[in-house]
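Next up: the structures, one after another.
Shared between the two complexes below is subunit A, which pairs with subunit B and subunit C, respectively.
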Partner chain A sequence: MGPLIPNGIIGGGWDFVIAILLGVAFGFILEASGFSSSRNITGVFYGYNFVVLRVFFTALIVAMVGLMYFDYFGWLDLSKIFILPTYVTPMIFGGVVMGLGFILGGFCPGTSFTAIAIGKLDALLFTIGLYIGIFIFSLGYPLIEGFYNSGNLGNVTLTDVTGIPAAWFALAFTVVALAAFWGTMIIEKRVRKNMKEYKF
Partner chain B sequence: MNRNYIFLTILMIVLAVGTLMLKPAKQLKQIEPETLLKEIVQPTRYISTDEVAKRLIQGDPSLLLVDVRSEAEFEKYSLPRSLNIPTEKLMADDNLSYFGVPGTKVVFVSNDDIKADQTWVLTKRLGFNSTYVMKGGLNCWMETIIDPVEPSPDAEETEFKTYSFRKGAQMYFTGAQVDDFNDSKVEVQVRRKEKTSVASGGC
Partner chain C sequence: MKNTMDNQPKYINPYLGGVLLGLLIIATVFITGRGLGASGAIKSSVVTTANTISPEGTKENAYMGQFVSDDHSPMYTWLVFESLGVFLGGLLSGIIFGRVKKFRTDHGPKITSRKRLIFALIGGALFGIGSQFGRGCTSGAALSGSATFALGGVIVMFSIFGTGYILAYFFRKLWI
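What follows is the complex of A and B.
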């Protein structure tokens, strides 16, 4: 049956409507999970709050395992979905930059908008910085274009690269994620014991 | 420790282990697009209706006619010894096992050659060799074999040869009789001379 638009079940014009609905749902879940607080988000790095890890890992393993069942039942053809192309070094570099920005600013792009929605000033400044960053990047793009497009592996999946069936990756990620849930709960308890004050 | 967490953890592990049991859908191998393109522009995939008729008359065992029209159309009219596999059911059941048999030539037949061509492309993409298309389809079959048109008197000799072959094929496939000659029906009237009376005259 799916994907709905490529298979012509719904028209291509609906993608903006779907994007808005998904965006609203995503924002709501972010806010409901406490992602509009930069204290919650940076808590991962200091070890007192792992909600970010838990929420994202939950989303990841549920979506991953769920999609495999959807594919099996014929609800979604996984061979037809878009796979983001992989650029090895630029992606590692981008990940480091993003992580640094995460600690420094206390938000990631999506959560900063969620925080603006509930009226946080720090998020407002963060987004101003975000747009300045985008502007500088755009102006400087000719300088870094070579690096930006380097190491392109194309639209590959882990299964394409390693030849190991996707189910094994799903199982491995699930086990790692579940171990992380329980492990971080213990870490949280220990760290919070030593904290004098903890507020969200 | 929250009991819900334990329950959800177990559920998630069971589901993830379950993905290992899922059998991946059968992936059909396809030929390279460039190879397909090279094959498509070749006119050698076409077989003329005359050739098909000749092979049918000779009882060529290597020929397999596959009628790709719907079952209803096939019931109405079909070529002798042809097999009905509608294009929609090409991949169904064991239909693909008819193709790619060494030493056999599969010829696709439809009303014109569009549907047969589509089926040819499908089988070609799947990597089957020695599949062909009957040029012009059954419409052309009707025009050339079942109801051949006599060439004009000033036509080339080869056209007359083709025509006489087609006439023969027409008889073979339809059971038509040789046109009777017009003069065969003429009754010969015997006129008898009236006997002259011997004693009619005399001097």
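What follows is the complex of A and C.
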């Protein structure tokens, strides 16, 4: 049955209507969870607010397990969905640069859009920064093309690389996430005790 | 502790937020065959600007040239519409929970608004550059990629958050 659009069950003309609707749901969840505040987001790095970890890990568990059930019941053909390609070194490098941008800027792209919507100027500057950064990257592309395309493993999953079934990764990840929920709850309580000036 | 609790705006329970976000990823993959994203929309804006200023130069650029098409604008992509939705969804939630106010800047207690804005701009630029190497940002690569068990998604997720934790100490004055 699924994925519906690639399988032609929903016509391509609905593509952009569906894009806006799914985006609205995404933005609503991000804002309602508190991701429209950079101080809430960076709390995950300083121990005073682990909302990012809670939302992110819960979403991953639900999505991983849910997608496997959809596949198991035959509702969704997982071999037909898009798998992000893997370029090992460029992706590690990109992640490191994004991590630096995260701790300096306090947002990631999706969260900054929702923060602009409620009037945060720091989010607006962050988004202008994104635009400048991607422009610089595009203009400089000829210089880094070789590195950018290096380490290409193709569109591989964890199962393709290790031979371990996806269910084991989902299980391991769930155990790690539950431990993290419990551990960070204790850390957060301790850190907040010593913080008087934190307001959302 | 009491102080911080009093000032807490009405956010939804983070685990509820996580469940909803997880269900949304499932719905998105089920309907479209791919996950959510955000940085792609900014990339489309960059390509559109470049294409308006210099169509030849953009076509010749080995990176931007891939996203230019003769029959429609580079803005006419799935992620641009989705990101427009993200903005509207944020606005909707902000209106419902009473958080839409006049322009303001969040910053840590030890820095000025001005300093915060400068660092937000620099951080955004770095995030933009990194997202191109990472083939997506926190939404497209780390979240949607990992949820579909893509190796690259997991690599990006650990690199972003690992780096954040390693560097947090050096930039603590920005936030605490």
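Everything that follows uses one rule, which is that the second predicted complex is superposed on the first by the 200 of 200 C-alpha atoms of A that agree within 3 Å, B and C clash if a C-alpha of one lies under 4 Å from a C-alpha of the other, contacts with A are read in each partner's own complex, and residues count from 1 in each chain.
Simple rule for what comes next: a residue touches a chain if its C-beta (ideal position, glycine included) is under 8 Å from a C-beta of that chain, and two chains touch if they have at least 3 such contacts.
Computed from a predicted model, the values in this text were never measured in an experiment.
Which of subunit B and subunit C touches more residues of subunit A: that partner is C. Touch criterion met: A:42 reaches subunit C, while subunit B stays clear of it. Once chain A of one complex is fitted onto chain A of the other, the partner contacts of A:72 are limited to subunit B, with no touch recorded for subunit C. Contact with subunit B, but none with subunit C, is seen for A:168 once the two complexes are overlaid on the shared chain. Of the two partner chains placed by the overlay, subunit B and subunit C both lie in contact with A:61. Residues 61-62, 166 of subunit A contact both subunit B in one complex and subunit C in the other. Across the complex, subunit B meets subunit A through its residues 5, 9, 12-13, 15-20, 22-25. Per the touch definition, subunit A reaches subunit B in the complex via residues 61-62, 65, 68-69, 71-72, 165-168, 170-171, 174-175, 178, 181-182.
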